[in-house]
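Take a look at the structure below.
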Amino acid sequence: MLEQATRRVRGTVNGDPFDEAVDPRLTLADFLREKLRLTGTHLGCEHGVCGACTVIVDGAATRACLMLAVQVDGAAVETVEGLATDGELAPLQQAFKRNHALQCGFCTPGFLMSVTAALREDTVRDEAQAREVLSGNICRCTGYTGLVQSVLDVANGRSDA
Amino acid sequence: MLIENSFEVAADPDEVYRFLQDAHNVAACFPGAELTEDLGDDAYQGKVKIKVGPVTAAYQGVAKVVERDAVARTAVLLADGKDSRGSGTAKARATMRVTPSGEGANVVLATDLTISGKLAQFGRGIMADVSGRMVGELASRVRQRIEQGEPAAPAPAAASVAQPAPTAVPPSGEPRDEAPPMKAAELIRIVLAGMLERWAARLRAPRPVR
Amino acid sequence: MDGPMPEAMIGARLPRREDQRLLTGQGRYLDDLDLPDALAAAFLRSPHAHARITAFDASEALALPGVVAVFSGADLMEIQKPLAPKVQHPQLRDYPRLPMPPEELHYVGEALAVVIAESRYIAEDALELIDVDYEVLPAVGSTAAALRPGGPLVHTGDESNVAVLLTQSAGNAAEALSTAPHTLSEEFFVMRGGGHSMEPRAVAARFEPATGQLTIWDTTQSPHYARQQLSMIYEMAEDDLRVIAPPDVGGGFGPKAQFYGEEVVIPWVAKRLRRAVKWVEDRQENFVSAMMERSQTHQVEVGFDADGRLLAVKDVIEHDQGAYCAGLQVPSITTSTVPGPYKVPNIDIELRACYTNMVPTSSVRGAGRPQAVFVMERMMDRIAAHLGLDPAEVRRRNLIQADEFPYQVGIMFRDGSPLTYDSGNFPALLEGAVERIGYDEARREQVRLREQGRYLGIGLAVYVEGCGLGPYEGAKIRLTNRGRLLVTLAAAGQGQGYETIYAQIAADGLGLDMAYIDVTTGDTARIPFGQGTFASRITATCGPAVFEAAKQMRARLLDTAAVLLGCDVSEVDFDGNHACLGGDREKSVSLQQLAQVANIGKHGITLPRGITAGLETASYFSPERAAYASGAHAALVEVDPETGGITILKYVIGHDCGTVINPLLVDGQVLGGFAHGLGNAMYEEAVYDDEATPQATSYLDYALVSSAEVPPVELFHIHSSSPLNPLGVKGAGEGGTVPPPAAIANAVEDALRPLGARVTRAPVTPARIVDALLAAASVADSVAEKKKVS
Amino acid sequence: MKPARFTYHAPRELDEALDLLRDLGDDAKVLAGGQSLMPMLNFRLAHVEHLVDINRIGQQWGTPAFGEDTITIPALVRQRQLERSAEAARLLPVLTEALHQVAHPQIRNRGTICGSLAHADPAAELPSVLTALDAKFTVASARGVRTVSAADFFLFHLTTALEPDELLLEVSVDRPGTNQFSAFREFATRRGDFALAGVAAVCEVDDGVVTACRIAAAGVAPTPQRLTDAELLVIGQPLGPDLGAAAEATARAQVDPTGDIHASAEYRARLTGVLVKRALADITEKAHA
């Protein structure tokens, strides 16, 4: 890629260190997808509304389309690729599957990261709170029913089939 | 979008009309405008820069008086330009009518402003407000210049390199705030000479940072 | 021969096979595919709704480091051939839609040049450096403007903006209306809206000079359709074109079933440059160049008797085709959907489809049905209000009864057959919805709350949805050399769960556990013929094909096993992945062994006697005509007359799509469709101004519903099997989308009836509700007058 | 939707940032949370030569200070941070209520209070809230520091009194007394969207009578609009439904919004009145609690 002066970015993604030279205008989303080939982070609108690109940066759910790669220098980034351990789905992922909380799956990584961060921050007690936690991401397929149930399941520690 | 402004001027209607039917006079009053070349036949090449916060667009094009009626004292100025980044065009058709009013004249400025491209594709009414302010400012500058009794502004030499239009800079010494809604000048931020100096004067006892 | 099956898979509520990869970020969407050294493409799009290109200069763009090529439409004249409308009509005045017009542009967003560069960033830099001069021409921003005599023309030099005028009629509506005891009329408008799959469109291509083959990855819903079009435009053999819809496509909803200029340009440019080229539409492009739908104006008149029984319906429909006719499917579906579930003895429907300078319209989930249902269901409520009857009761009196199937409506459906409902039970759907919404109690509550100045409303909508359209869909099943059953579909999925559903169907046809069955989709190199995923048709066409191919394969497998086991075929059945004699695993052959014998064989050695080579079956299913799914929705809302805010208190969906393959997935389809329908009911507006400039080009101005807007839904099913296919299935993908605008609008007008506000437009937004209340307050007199006249 | 080229600067000190802004002038743009600027860059509506990313100028600019007299919110305080602050909720409920309605948590995690104010979208929540709180805007440049009132800070859509070399360093409000009650009300088409109109109201109430009042509306003018007519009407009156109804009509009459594809001007004006009424009802309830 023929670009202007690059800057060095070092940090971790899902615990793995990275050290790359990037064009300053490269967004975090494109950095993850193109430089690190972590293509689970998707671009749905590139203006911060749809939430498909949501990742966790230093513990906070963040739109990867509204952050520059140079800004994660020194940061710990978490993406959908880091949720399962050794092929074993995390409880939230299992709940998504059980409740048919995904269809085309394009928005799914963003939902998973948003909810993962939200459930670390606060407990979710009822459906209204579950809907609130989900409201920063758009899904065109499911109508949200399975998503709401999944959040409630995980919040209540329910993991049966 | 058709925007109408009217104002009273303490000047002879024919004088006012003479001023208005000169494309250069009016085009130079357009906020953010720079006339860059006299194309002859009362047509001028120029640029208009629109800046609303971080949103910028720069249009290059031609302004020309396309209709004149000295008897009815009406003139129509057409300014047509395209965005330098290819993302659209701006077109203003300003119909100016001068009628006697008491001792002076009444000017009606009806401007049909059409902006195409990205800037025009907002659902929120920002561009309507921006257009309204731009045309409002155009009217106030026209009025200001007429009242200052300035003759037609000197046309730039043909093919000369861009110079700031004279009217884009308030006459020196005149406090900016006295001009009619001149807060508008902040809005579509024209590069105003001396602005920094004025700000410096307004700063309250500066204290060092930290 | 069909032995006892394991547990039936058809009807099983199973989680999906696709989910594991999608949940772990391992999905393979088009932009995720590894195409080493692929160049990025970006299209230059018209900023004008109607303009002529007078000068084009890309020299500055070409000089930018990293830019490989720039092609204008004029540079690619060899591919400037019209993209045919998907659904035609002899009277259609078709205006050629070129892949990248070299001269005149007809909507904001129409592509006029493409930049190929080392990265998308650079390609977008280059777009800003291309210098184009346009002669801006007058534009048409609505159907009303299009049909206005003497108005501007969408296409310079054309004689009018009318695309086609069509009529559908049964009986004699004019006479029935003139003699009807009561008539009511109204004008309704349904707004433009988009598909908005979360993954926008994308195309990538690579040319292999050694084989002369062009491989195209395309997010299309119809890879075989794309191949057919490209084969004609490129004048290439179909076998030299391989169109692959990637395993994962991020939603379709109709716009991806259409065929676009970008799909023609990108592969051709890849071929010319001998480089892989990838174009991924961004959201900004998607807003102005992906096809939309919905926009229609209806002038409807109904005649009815004192009991509220319909005597006649007349509807004049203005349909917005956009700048070109991409197909007449949508308006033609609308014309045949107007009568809906009701017995209407006299029907007169007139369609005026016209061109406008807006992005072309074509099918979006629901495809012409939401508009028709909106009109008919609004009028059912108006009839009830006019006669002082209950809206549910008026519907009861008009519904086609469960014993009246097959029911001939008297007009034609868009598949070319007489509109004939195959099966259903509309009264059961209505009663189920009425009961679950708590209708009677809600009516009492409505009265109580009105006394407190609160406005509760109940909205009902019943619909019939033509689905499962022809001409055919097919499937192949092969025993692979590794001993697994591979089901190959031509259809491409966009999240419907084909890998799961078709494994379920195949499992029942084969009598084998799903664990031994794989499903692959959407690749023209794997199966020669196909139509595509659209019109809620795949389960009802591909389903029977898979089932039939599976049954044939079962017979072939058992025959082969019987030969090897030296017994009669009736003595063989499957146990796991073994065919066993008399249920004895000791006396069995594995699927792997069957493949070894019948497929792999031994080079030069004669096959064992009785073995037929090649364990592969194929089946194509052609439905005799469309099947008809149906449903009833009921909404209970409260409207805040001060803000116009609508709160949905309860929502019930009754759904009938015949046999259900996987209830979990069908529920997902219905609820997802409902959310889309709710968007059309309350939020989504692809507004264009009078100059045909799009005004809603980001998600800041175009509102998609989130979890906060979509209420919980009580969903129930009834199952009226279709007699038109062996599985008894009907379509489920769109039904949820069809009635919400009608149900919500009915509920809102019902809520505000004491205040006289009239809802004639979808979506119904807070601002329009308040505007309607103000209008009602100021024209209360004239409304009363109108009532008296009619 | 990829941003155009720019030169990126990530100063490590405030002075370094201010020097950069001085040197780069109109060619520079400050990047704080980036939740408004980045979309504009992605859309290529905004083109900047130099991006001055202030996120690394120091921790001290990322912590709100709840002082005895003044509450100060420095440049890098994230919206989410303040939204979750119990102290903010207790002292400035109008701000907390508004923050809940700013877009979505993922945006608020990154977006800063000062960044939203400097962006000056009149339909956004925070400009109207800080206007109703009569905030002081502390503006720094290499030339020094000055303070601008809310009334002077917001000039037009996306336009403030900030000069090209200036940075909004912090915003501060007087620490409210126990007699201050406040509320934020907005009505948006969809959760997280820009409001069709919003109202921030701050009242001081003594013995049930309003002794001071500031009301600011969002989304009805090119800047946050103080509803002074309604304020004057409310001051000196006892809280209650009659007051709300009178303020509703007054507020409606004072605003002159622009209609757009989302709502007519008439609707927005009416909505403003309704929201004033409801905000005052909230305040009444809080004052009586």
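What to note about this one:
As written, the chains take the letters A, B, C and D, and residue 1 is the first residue of each chain.
Heads up, the rule we're going with is that contacts are C-beta pairs under 8 Å (C-beta built on N, C-alpha and C of every residue); 3 or more make two chains touch, one makes a residue touch a chain.
This one's a predicted model, so the numbers in the text were calculated from it and none came from an experiment.
Farthest chain from chain C, judged by C-alpha centroids: B. As a whole-number value, the distance joining the C-alpha centres of chain B and chain D reads 32 Å. Between the CA-based centres of chain C and chain D the separation comes to 43 Å, rounded to the whole angstrom.
Separating the CA-averaged centres of chain B and chain C is a span of 50 Å. We define each chain's centre as the mean of its Cα atoms; on that basis chain A and chain C are separated by 29 Å.
Across the assembly, chain B contributes residues 85, 87, 118, 123-124 that each touch 2 or more other chains.
Across the assembly, chain A contributes 25, 46-47, 135-136 as residues in contact with two or more other chains. The multi-chain contact residues of chain D, meaning those touching 2 or more other chains, are 1-5, 39, 43-44, 191-192, 194, 261-262.
Pairwise chain contacts in this structure: A-C, A-D, B-C, B-D, C-D. On the side of chain B, the complex with chain C involves touching residues 82-83, 85-89, 91, 114, 116-118, 120-124. Taken together, the chain C residues at the contact with chain A in this complex read 15-16, 18-20, 22-27, 29, 31-32, 65-66, 118-119, 121-122, 196-200, 248-251, 253, 282-284, 494-497, 664-665, 667-668, 671-676, 698-700, 704, 706-708, 710, 712-713, 736. On the chain A side of its complex with chain D, the touching residues are 4, 7, 24-25, 27, 30, 46-48, 51, 54, 60-63, 65-68, 70-71, 114, 118, 133, 135-136.
Across the complex, chain B is touched by residues 44, 47-48, 108, 127-134, 136, 288, 687, 691, 693-697, 700-702 of chain C. The residues of chain D lying in touch with chain B in their complex are 14-15, 18, 26, 29, 37, 40, 43-48, 119-120, 123, 140, 143-147, 155-159, 161, 163, 169, 194, 222, 258-262.
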